[in-house]
Amino acid sequence: MSEVQQLTYGLIVTLVGMGIVFLVLIGLSYMLDALKLLSNRGAAEKKAEAVKVERVEEPVEEPAEVVNVPEEDEGELVAVISAALAAFMGSSSNVVIKSINRVEGNTPVWAKVGRQEQMYNRF
Amino acid sequence: MSLTQSILEFFNSMGFSAMTWQEAVMIGISFVLIYLALKKGFEPLLLLPIAFGMLLANLPLAGLNAEPIYQIVVDPVTGEHVHEMVDAGGLLYWLYRGVKLGIYPPLIFLGVGAMTDFGPLIANPRSILLGAAAQFGIFTTFIGALLLNFIPGITFTVPEAASIGIIGGADGPTAIYLTAKLAPHLLGPIAVAAYSYMALVPLIQPPIMKALTTKEERQIVMEQLRPVSKVERIVFPIMVTTVVSLVLPSAAALVGMLMLGNLLREATTMQSTLNRLMKTASGELMNIVVIFLGTTVGATAKGEIFLSPKTLAIIALGLIAFSIGTGTGVIFGKIMCKLTGGKVNPLIGSAGVSAVPMAARVSQKVGQEANPSNFLLMHAMGPNVAGVIGSAVAAGVLLSMCSL
Amino acid sequence: MSLTQSILEFFNSMGFSAMTWQEAVMIGISFVLIYLALKKGFEPLLLLPIAFGMLLANLPLAGLNAEPIYQIVVDPVTGEHVHEMVDAGGLLYWLYRGVKLGIYPPLIFLGVGAMTDFGPLIANPRSILLGAAAQFGIFTTFIGALLLNFIPGITFTVPEAASIGIIGGADGPTAIYLTAKLAPHLLGPIAVAAYSYMALVPLIQPPIMKALTTKEERQIVMEQLRPVSKVERIVFPIMVTTVVSLVLPSAAALVGMLMLGNLLREATTMQSTLNRLMKTASGELMNIVVIFLGTTVGATAKGEIFLSPKTLAIIALGLIAFSIGTGTGVIFGKIMCKLTGGKVNPLIGSAGVSAVPMAARVSQKVGQEANPSNFLLMHAMGPNVAGVIGSAVAAGVLLSMCSL
Amino acid sequence: MSEVQQLTYGLIVTLVGMGIVFLVLIGLSYMLDALKLLSNRGAAEKKAEAVKVERVEEPVEEPAEVVNVPEEDEGELVAVISAALAAFMGSSSNVVIKSINRVEGNTPVWAKVGRQEQMYNRF
Amino acid sequence: MSEVQQLTYGLIVTLVGMGIVFLVLIGLSYMLDALKLLSNRGAAEKKAEAVKVERVEEPVEEPAEVVNVPEEDEGELVAVISAALAAFMGSSSNVVIKSINRVEGNTPVWAKVGRQEQMYNRF
Amino acid sequence: MSLTQSILEFFNSMGFSAMTWQEAVMIGISFVLIYLALKKGFEPLLLLPIAFGMLLANLPLAGLNAEPIYQIVVDPVTGEHVHEMVDAGGLLYWLYRGVKLGIYPPLIFLGVGAMTDFGPLIANPRSILLGAAAQFGIFTTFIGALLLNFIPGITFTVPEAASIGIIGGADGPTAIYLTAKLAPHLLGPIAVAAYSYMALVPLIQPPIMKALTTKEERQIVMEQLRPVSKVERIVFPIMVTTVVSLVLPSAAALVGMLMLGNLLREATTMQSTLNRLMKTASGELMNIVVIFLGTTVGATAKGEIFLSPKTLAIIALGLIAFSIGTGTGVIFGKIMCKLTGGKVNPLIGSAGVSAVPMAARVSQKVGQEANPSNFLLMHAMGPNVAGVIGSAVAAGVLLSMCSL
């Protein structure tokens, strides 16, 4: 192609290109408006979930450690748990970590497997 | 074979003896880039590997980019024709496959998506338009490159011009993805230019922003963004993938992975087990890809190609691209300001060039200079992340119209 | 080329224009699967990537599954014939290689092994038989599929029937590994069916378990399991690898990797440096593979194949497979109950279908309903993990006898 | 193959298949009985090891952090150590973390290298 | 090649090989002397940086957690922060972790984005 | 096909039936290696995967190393000739590609570099010479192997001899990298020998060290090392890469990656964002590569090759290599002791064989026996890390002079 041809083609590309860019993004922006309508129902559900999630997470995250890692890491676990505890009380009250019990120690087996589930049934 | 003979032979196999002046210069340039990355903090996460790759690729005879050599031989036993590897090829050749085959950039986008909060965009859908406006930088630069063809001595093909234009997208992975497909021989200079200018956004943008806006406009305080629901956050990535890919199939790989990552991120609020995928996508997987991508992209910068007027042209055009993108973004901001009766601060327009989140930070900073109580950051994040989608779309158009 | 002309051309290159009704339906299905994965918690870790891959693969013209195109050209310089890449192929094509070449499933098994505690199995070796009994589900479904051939309109080849049967293994990686080798075109529906039914185990199994057992049987309390020594734990994976592979070489890849992972896990008690390998195998490496495997397996579900009576047949047969596996497991449990003079609670038999550890949880739950003081979980874990080995062995047999 | 042939072959596969499955798993179950005999000796060793391991781990895990990571992460390290401490005392007694010394600070060089060894000689 | 030829060639390789090994390593050892001269200027800069780095890191590392991870991990974050705190005071004074405030809670938005930047602008 | 017939067929496809005595022996050897790795702590991180790979590779008919089989067919539609995969090949064949193509060892070096502190070397540049002296072990063993050719029945080619010599480098990745290029069929025995002897360093070195030094020499206390500045630490890896690669291009891959890793490590002090790359390079990426490399290197040890007098010769020569390397290191230490007027303790010379940091620990231990107040460790770390560079350089020479 000659320089001129290239240039004209370039201008075409530019027109089409910016056209598509705006077409797509304007389209998205209006769809987002539509989506907002969902958000009202969504908002309601959200709270419910929010709670549900909290419930789920506790057993989920921690055991991922417990089951995966050998004893020497349990300490780390406890650090996390104890401080996680602190985190959720902390903002309001004062915390002095008084006694930390080994998680393994006082964990009923069913809980232990409850945790295993969290990992296993992912695969 | 005599001792002296084989010693001579060996010394001929040494790097010094085979060194070209281009290689020497390139090694020097790689040192400069390392300095800029470490001392000046120029996008060190990518420029350091890129610079080191540049160093490795320009070490004479090291052959880290060497292609493997096969020969077809007849199997003595079966009499069949079989491939046989004569030379395994270089380390960087193999790691580069991920760039060549367009695998790494989408994987990086997967991680970026897992780290990106599209909330501000969802909360203020109109701001998405500013992300579109800023893409003018890409196309004007594209035209600019084609105009340079009229200067004797410089010739850019259409695909090369397109690859140069994408620098204006201010988005590394997108630039690398497109260039690897349209003009792989320019990967080095384009990647370096793209990341360098992203690092320079805080210097490039403010003067342009101030030149195009009045103090009154810069002082505009925007109202608080509405909270965004979980449902919106989860539907968003699915919606974007579907819409963008249906309009522009060639953008599916980049946008699709970006949004998969974002879906993993937002979905963890509903299924916390997904947390592990989100963490890996935005963590270890991304780091591995960044190391490989950076090093091998840098390794494409061989002296013969890099040390040509083209590179200077690319650097000049890249600066223009960023400037125009910033400008058109701000101008569109002014238009929206008018249309909304002064509810939009034009400064958030410049964030549309992506370069997340630095461009947004610049809007914030310039806005606060004009009015200390002004807080534009979250509003600027909208156009900012929209710019990522915008430049991916632009890349899709260039890919489908400029690949020969 | 005129503007209108190239605009027309471009619009023809848009997804909308080329969309088929199958693709539209498939995209709809992918949305449903995403909903099930996130809202209903259907194995989100795999179904979400699978569903998203399904979405990406059915976006018209996106070509993410496109094969690369090479041409053989004569090197102008050397005059040799050389391969030259004309088109790099799609992202998902390349990520899919890991499925196609049978790499991902064994790597996932590596991680599963590193997470699995075979202690309950070692403590109660007899429970392993229940893991064998439950595999009847695989083969009866296999037969069932072949019987459907007598219905005009449906034809399943032997390899297809084998791939469908493996759904009864209730083990994702095994199903994907076998199907990728025997009937890759059915990967989509089979993977979806396998993971969906695994998620539905708590609904499918209880009625069958109750129908086949008396209240007295369900009330049986089993005695505490003996502790397992470190040596047993370490010898076990080595023993299993050797024995299974010697009998059934075709199962070596799956069982070998499963046991390597488990060896890394158990060996950390003797050499704690191995901890880092165990963590990577069950963590980052696994996550990376899951993202790639899920997305690309989902991407094999193209409308033309997925939307056929076969898929409905597969879904129906899959349910049968799970049910029969559960049934035969329980029946064997009853037999062992008799033989041991009532020491074995038949409910642990249903755990033999693997679907670790949900099936074991179901045994626990049903057992506790009959007798609140009853605690079967750890006893059920034995057959449960044995089921994983059992279905890998069954897959080996099908692989060596049904591949044409 | 005709439907009938396929079916008959399927039945053969089923017979062979279930045969192998049982063969292998019954075999394993008896080998596990044999293995149990080892476990007696094993049990003895086990205790010995259990202790040995404890010993080894202390230096192993922590330094993996110390040497690998820059200063700002040392805090994390301390958190883990301190809580790990807590973990192993915790179950019995009360813990109040009184003072935490920077590990780097009072670590004799030899210990530091002792740690490096833990990482290096793995490769 | 005959055994003798191989051997002679081997001797040549040995001579050349050890020659190169010494050549290279001696070369390096002298260059290191030259490099030491830099170290004086280096040393000066070093301190400056050392401080700069401290500054940067605080916002860098923590948010990497904050932004990436869902609520339940915040505890871990706090554990780290609190102990990190301890780490840098610890060596001198006694620490009793009194109250830990949730980081999200009292973080001004600008800080939050300041953190986001730390991650984003890496790509 | 009748039942009995197909059962017979199946039993012939079982491993037992096809088992050779070599395979049986190799499986036995793999058990021994697992025992050594776990019970005796022989480099478990690599010997365990290697041993397990050995086990998997010698399971008859498992075909985990099987090459893929393609056939060239004419596309019915287009009439073009196209590759078509007939058999996907074995899992370990694919994972082994990373060794075959020389990718894994440099990646491990990337991680090693990210974990290595070159401070002691920078602080005491002369100590680097001891790292050079210890490489005599490599070349004398190389000569030794060639001398064995005069013994009837044993024949080592020059490349084989070079691969055996590199065992004296006491550096796993370097040995594997070189052997994979020069004599891949010997990978098994050479890797096993290299890692076993590294584990035995504390037994092999002390007697030699004591035999070659006087008590007075061993009692020498060396003066405290100077602190090393940040700039030196950052310039060092760049300098080493450039110098070594310019002299010896063939060493660029190993040294380049080692130093890139080290640069990432040291640069985090200036740009803390690099921390994430450093952690990945020395963590997850390395672990993944170690799992793949170990297993597949072990899998190259097929009975036919492994169970030959060559292996015994390799084991014997490996021991010689370590011993001579230790000796020459110490002797050079004595020379430096003389030249410096007794400022250098000869014991640090033995650390030059690398085997980081065990060799350095041995120097420390022997030194303290002679003089309890003696503390040589940090001084020995200098030659120790220098030895890594030294053996990489030696490998480069062997690669460029011995590859046929």
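Couple of notes before you dig in:
Think of it as A, B, C, D, E and F in the order they're written, each chain with its own count starting at 1.
The working rule: a contact is a pair of C-beta atoms (placed from the backbone, for glycine too) under 8 Å apart; a residue touches a chain by one contact, two chains touch by 3 or more.
Since the model is a prediction, treat every value here as computed from it, not as a measurement.
The most distant chain from chain A is F, comparing centres defined as mean Cα coordinates. The chain pair with the larger count of C-beta pairs in contact, out of C-D and A-C, is C-D.
Where the sister copies chain C and chain F meet, the same residue numbers recur on both sides for under half of the interface positions. Compared with chain D, the chain whose C-alpha mean position is the greatest distance off is B. Centroids built from CA atoms put chain D at 28 Å from chain A.
The distance from the centre of chain C to the centre of chain E, with each centre set as the mean of the Cα atoms, comes to 41 Å.
Taking each chain's centre as the average of its CA atoms, chain B and chain C sit 38 Å apart. The set of chain F residues that touch two or more partner chains comprises 6, 10, 45, 247-248, 269-270, 272-273, 275-276, 279, 283-284, 290, 397, 401.
Across the assembly, chain E contributes residues 9, 16, 20, 57, 60-61, 70, 72, 79-80, 82-83, 96-97, 122 that each touch 2 or more other chains.
Against chain D, in their complex, chain C makes its touches with residues 121-122, 125-126, 128-129, 131-132, 135-136, 138-140, 142-143, 146-147, 149-150, 157-158, 161-162, 228-232, 235-236, 239-240, 243-244, 247-248, 269-270, 272-273, 275-276, 386, 389-390, 393-394, 396-398, 401-402.
Against chain C, the residues of chain D that register as touching in their complex are 1, 3, 6-7, 9-11, 13-14, 16-18, 20-33, 35-36, 38-39, 41-43, 45-46, 49-50, 53, 56-57, 60-61, 64, 118, 122.
Interface residues of chain C, counted against chain A in their complex, comprise 1, 3, 6-7, 10, 43, 45-46, 108, 111-112, 115-117, 172-173, 198, 268-269, 272, 275, 278-279, 282-283, 286, 290, 355-358, 360-361, 364, 375, 377-378, 381. On chain C, the positions that touch chain F within their shared complex are 100-103, 106, 110, 181, 234, 238, 241-242, 245-250, 252-253, 256-257, 260, 263-264, 267, 270-271, 273-274, 276-277, 279-281, 283-285, 397, 400-401. Chain A contributes residues 9, 12, 15-16, 20, 67-70, 72, 109-110, 113, 116-117, 119-123 to its touches with chain C in the complex.
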